[in-house]
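What follows is a set of structures to go through.
In the two complexes that follow, chain A is the common piece, with chain B as its partner first and chain C second.
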Partner chain A sequence: MTTKTSLLKVILLGDGGVGKSSIMNRYVTNKFDAHLFHTIGVEFLNKELEVDGHQVTLQIWDTAGQERFRSLRTPFYRGSDCCLLTFSVDDNQSFLNLGNWKKEFIYYADVKEPEKFPFVVLGNKVDVTERQVSSEEARQWCQENGNFPYYETSAKDATNVAVAFEEAVRRVLALDERTDHLIPTDTVNLHRKPRSAATCCS
Partner chain B sequence: MAADSVLKVLFEHEGVFIHPSSDEDGTEQDLLISGSLRIVDKDAEVLVEYRPLEDTVDPSNMLCAGKDSSSVMEWDQCSREKSQQLLETQQSYETEWDMINAVSFKKKSCTNGEGSLNHSHERSRWAFSFSVSELRSVTVKEEGWTFLLLKLKESCSSLPALHFHQGGSTEFLDSLRRFALLSEAAGDDACLLVSSPNRALSQSFENLLDDNNFGLVNQKFRKDPYITTLGGFSKVTNYIFDAFRGTEEQHQRPPEEVADLLGEVIPGLEINQQEEPGFEVITRMDLGPRPEVRRGTALSTEDWSRHQDAEGRMMNVALLKQLIFKGGLCHAVRKEAWKFLLGYFPWDSTLEERKVLQRDKMYDLTSSWGQFISDEYFRMKLQWKSVSEQQERRNSRLRDYRSLIEKDVNRTDRTNRFYEGIDNPGLVLLHDILMTYCMYDFDLGYVQGMSDLLSPVLYVMENEVDAFWCFVSFMDQMHQNFEEQMQGMKTQLIQLSTLLRLLDLAFWNYLGKYNYSSVLV
Partner chain C sequence: MAELMLPDSRRCNYFFLYDGSKVRGEGDQTREGICYFYPEETPLDEQELLCGQLVGTARCVSELSSSPVRILRLRRNKFSIRVKDDFFWALGCSVEVPTISVCELLDQLINLFCFYTGSVRQSYQRNSKESLAARWAQYLSHLQSGSSELHHIFSCLRTIDSTNVDPLLLLKAALILQACQRCPLVLAGCILFRGRVVSTQMSPELTMKVMFHESETYTKPQRPSAPSTFSSFGGAVGSTAVFLTLSELQYVQSAPVDKAFSSHSTPHKSTASKKTRLSRTLSDTPSSSESEPSDPGSSQSAQKLYSPHLSDRSVLSPDPAAPRPLEPPLSNGTLSPEAEEEPQEESFYYSFHSNGDGGSRTHNEGEMPDPPPPRSAAFDLPEESPPIPMTLYLHRVKGLVLALLVEPHFLSDTASMEEVYHCSLASLNGLEAHLRSVSPGAPGAPGPYIFAHLDCIQSTLTSNLSGRPGGAPERPFVRATSLLHSHFCNTETLQEAIIRSAGAAVYGTRSVAQETYFQQHGGSLRNSGIPNHQDSAFSLPGKARHRLLKHGVNLL
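Here is the complex of A and B:
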């Protein structure tokens, strides 16, 4: 029995503390833990979903944002189908760094046609009242940098999180037939549970 | 029999380089050979061996390494153009090292077409090995980094210079000094003449085995692989080297081939197994049934004091450590014992000496500052505390450190009663010690993960100053994991990969097949 599912790899990038891990956890486990541990290196979670009749396993890769860990995170960029560029609306610096994250991703992921690559931009923590980045500014950046879809999310109260991931999937599916992503799900003999988690180190 | 041949690794350092271009006439301008330098005792003969490695880390990772290891690098340096430009100008001073190092290796994705085997054959010709007794002299040169010129007694063709771009030359020389007398040549103190005494060292090797730094004996591993693995996780790579040596003798492999195989231990090269029949050598690793391991009893306060002499020196430290390893410590002993285990208190210090040490850490008596700031810890704490908002606005490094610390303190062990809730004083202490550590080592500053190391230390010490100094000693040992180049982490990942390959080749291959081998390399 070789059921086939598309495996899509999406990667969350952005400064440390913008809420990448919280977004991933909100989406996969529908929980928000204000005292989540910080990410060292890279972690991933899988989530099965159906978008427009396509059965998809979304493999969400979460990375450590600190500069120092670049060489632990960049090897994981390769093979990504979509990149979620994340900032926090209450941290202007994280917004200013979006361009750098995009550049780093394109470089290390070895993206063939960067202009066509599906990026989705997330402005997280919209639940906080002291904003440093306005929606207009963020939308403008997305417009100018490749017309990326933009979502204002809150991992805390679940605003727009699922919608953003679904949009990411749509973007990828729209790009091609995804035939190269069809993998037989029984390849791995590791008694995989539907939702498996792994960490790369420690 | 070869398998009985005893090989002990007495010294090992990776990241020793050969610059072929300076030895030949620039045919391979961009090639740097990275390798590991070892001193081994093989059947009571001390050998120096150099083995080139295939690039042990994904080179693309290093492209962005900062110009100055202490500074946060600029994003712009990411650009491919810039690093290539650097390569073309062939700058080779240390500050540009990272860049050159990075671009000199081939990117993994490029090697597919060109046949990676050739590439490694290419490297293997730089392998060499000689007996310490053949060594005539070592010349130590500095060029921003240290490099050594080794001259042999017999041979007129000299060995390639060894460049210690990742440190280790002093350790190498120190290690060499155990087996040979190094004396400065008259009129040239950079040149060390080597004279090796008629070595009756066999008995001293037995002593060396007690020393944590020294290698693993083949037979021991075979007899009790689990225990030895637990005791010497990091030494397993040595075992694998040994395993290769073993097969060399069994099958009469030419040295080049062995060197290739060695290079092969480090994944990153896709070598077809059919074409490498010797490959299965390390895959045969029958560990036998898993022995039952039982936890010992935790060391009590009484046990601990029984290991102290009248003046408070710790006795039988090796045994003590073993007991702690096997059974752990009762919580009541931790506060005291961790100060030793973390390296803050020397094991052979007397109670009196420790009191003085602690007092000096609290009150730096030589300081001419007033009484309030005479305290070494609090002096450093005051340094960041007294930075005004305006000053901080102009100090981006300090600002970044602070912001990282604040983010991480919020995310560290918050379910522990010491750090839970919003206004827990534990949070303030964690924050303050980490900030003070930035003043203690501003170049390193704060790196994610440090809060996790400090948290249990602070929890156990329940004292800001002691926790700080224990953390300092701990960081001395863990420093490599936090440095810009993350050599420590890379080494551990390589070791993990090597182990995985040894113990579960199928899984290791699986990772390689799905391109996740980079996860471990």
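Here is the complex of A and C:
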């Protein structure tokens, strides 16, 4: 395995107010501020971690959920290694919008093979008692849309936040490994001479 | 007009600081008193000659006229003069440079020194002449570098080109500054990108001073004598000691910070955040309470936040008598909270405005020929009180810098430092990414007109000049603007003027809050030499009003 630290870009998408910034802050600084202002455009923080022996620098991009900020955020989708689709379990509309977020991401990130791209779904604010979205509904959506992993998180009390990011890293690494395996079979080694051709023409 | 062009971008021909206390006796040589002389390669004999002559002349004139000398004009140079106690400063520029610009350049230079070094007398007691000479050289070079000639004429702030930047990003910058102020040790801040102001909570004068340090750390990141950096923050954070004048401190403290925004338990806020649908907009955030008269704290915080661009519209309100809520109090002398600076301000204008009322002045000036008593001061620089030590905190993210004026003990307060660092880091990262991705915007073909618009309150300039050095077609405009600006400064009652040569006519108009200059290209000037209705110059005001509307400049 490589000992080199790799930089992975993960991006948090979802409706305004579902808690994307809070999730990022909870994970990186382990703090929670209930009165964060709207994110304008994009923001990001780096976090170093080790997953299954891999040293990784996770660059977490937090985005503005409001529609009016769309033109500011979309240019930064490119180059993402993983997308965390986020909704709030106490807001059904944010759950219904997941599909739109996925579509927007695939379009602007210019993903080559959308069906293979690693998405992770986060249902945030599980600390809230009045839920509008059940676990079953959420899991079913994930199942139907590409078998995405689903985590119920709470940035407020730190539930599942780290686990979700680690899962995102695993998904990316797994995908990398698969492509690593694919490379030797797909490529032509230019250093080896094709002898048969030489004998044939002379 | 061509032969009158400035030879190069160097504005200052001479600058020196002379310490009269070093030359008391008959046998004392003038050179003993020269603390710093620019250009440094000037032979010592010549230095002595110029210093001796100017100091002598200034003293003679001020004693004869019982008023402080501000400007001495020679045939090729004009010298701005400042005197404080035994110190005598003179800065000489070409005579074409507007007098006000020469005076402002010298003031900026002295103020920069005092901001980073403290009291001049104490600095010269504690440090070697050589090390302080290096400082003067740095400050002078900083003030002469970079900006366009128009910036030099108006002595205004360099701001990012707002025409290419989404206004939401300016809001983002302003919010970062507000977030930092949640820490009570943070007085005020500004955000700079590649040496230009994105947003500031400080007065233009203070912002300008802060920008020197930013440019220093940018060009020489690892100077051995560099201000301290903090390894725990990855070397991106640094600080340096600075000194505020009493009036600056009062101004910074006078703009109340909305601490309610930071305290997490205001009932007002919790109702605002209690909603069913989460598709919030900016208008239903806590800051929306600014419009509610019942919340004075919030509305005051709006005054505090004056990004150079966001407030344009309100400053340019059509009715000049209309209240301008975003106007910082300091920039307008009459509203300034600091009483002790007023005498200086008045005397400054007195020397320029021949019709100024000097009645009250003569009382002060009667004392002048005697060794100045501590409070007499039309002769003195503004800060009567000793400079107050503060700390300038800098957090750099590539080309983006967050600069905060903080209480000195902020640096020893780890919790506060971490709070400020963490509350701003993600946003600074994001803002940097945004601003970096903003395309500089095509310079574009020269339009059918040139304009320059100065916001006097925020000291910012908007212009469609290309900014290319020595752009020949723009020379007449720059020169005319410089002349008009001089006239506006000299004649308080002058509001509109057209200045013309055989080939060009430039229209200038000003109010308390703004100065605007406009030149229309193309179309032959119909100029008979005698005023008549057909003269195309008379259509300039109308054209200016019409054309500049789309640049957000309202001359109606």
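Assume the second predicted complex is superposed on the first by the 172 of 202 C-alpha atoms of A that agree within 3 Å, B and C clash if a C-alpha of one lies under 4 Å from a C-alpha of the other, contacts with A are read in each partner's own complex, and residues count from 1 in each chain.
Just so we're on the same page, a residue touches a chain if its C-beta (ideal position, glycine included) is under 8 Å from a C-beta of that chain, and two chains touch if they have at least 3 such contacts.
Because the structure is predicted, anything quoted here is derived from the model rather than measured.
After alignment on the shared chain A, the placement of chain B and chain C results in a clash. When the shared chain is aligned, chain C comes close enough to touch A:T29, but chain B does not. In the overlay built on the shared chain, the residue A:G17 is in contact with chain B and with chain C. Judged by the touch definition given at the top, the superposed model places A:C142 against neither chain B nor chain C.
In the overlay built on the shared chain, the residue A:Y107 is in contact with chain B alone; chain C does not reach it.
Once the two complexes are laid over each other on the shared chain, residue contacts for A:T74 go to chain B alone; chain C is not touched.
Once chain A of one complex is fitted onto chain A of the other, the partner contacts of A:F44 are limited to chain C, with no touch recorded for chain B. When the two complexes are overlaid on their common chain A, residue A:S94 makes contact with chain C while staying clear of chain B. Once the two complexes are overlaid on the shared chain, A:D62 sits against chain C while remaining clear of chain B. Of 73-81, 127-135 or 163-171, the segment of chain C whose C-alpha atoms clash with chain B in the superposed model is 163-171. Taken together, the two complexes place residues 16-17, 35, 37-38, 40, 42, 66-69, 71-72, 75-76 of chain A in contact with chain B and also with chain C. Here chain C touches chain A in the complex through residues 166, 168-169, 171-172, 175, 179, 261, 264, 269, 273, 277-282, 285-287, 422, 425-427, 429-431, 433-434, 437, going by the rule given at the top. Here chain B touches chain A in the complex through residues 57-58, 60-62, 64, 72-73, 75, 78-80, 109, 403-404, 407-408, 410-412, 414-415, 447-449, 451-452, 482, 484, 486, 489-490, 492-493, 496, 510, 515, 518-519, 521, going by the rule given at the top. Within the complex formed with chain C, the chain A residues making contact are 15-18, 21, 24-25, 29, 31, 33-35, 37-45, 62, 66-69, 71-72, 75-76, 88, 91, 93-94.
Chain A contributes residues 16-17, 35-38, 40, 42, 64, 66-72, 74-76, 78-79, 100, 103-104, 107-108, 110, 188, 200-201 to its touches with chain B in the complex.
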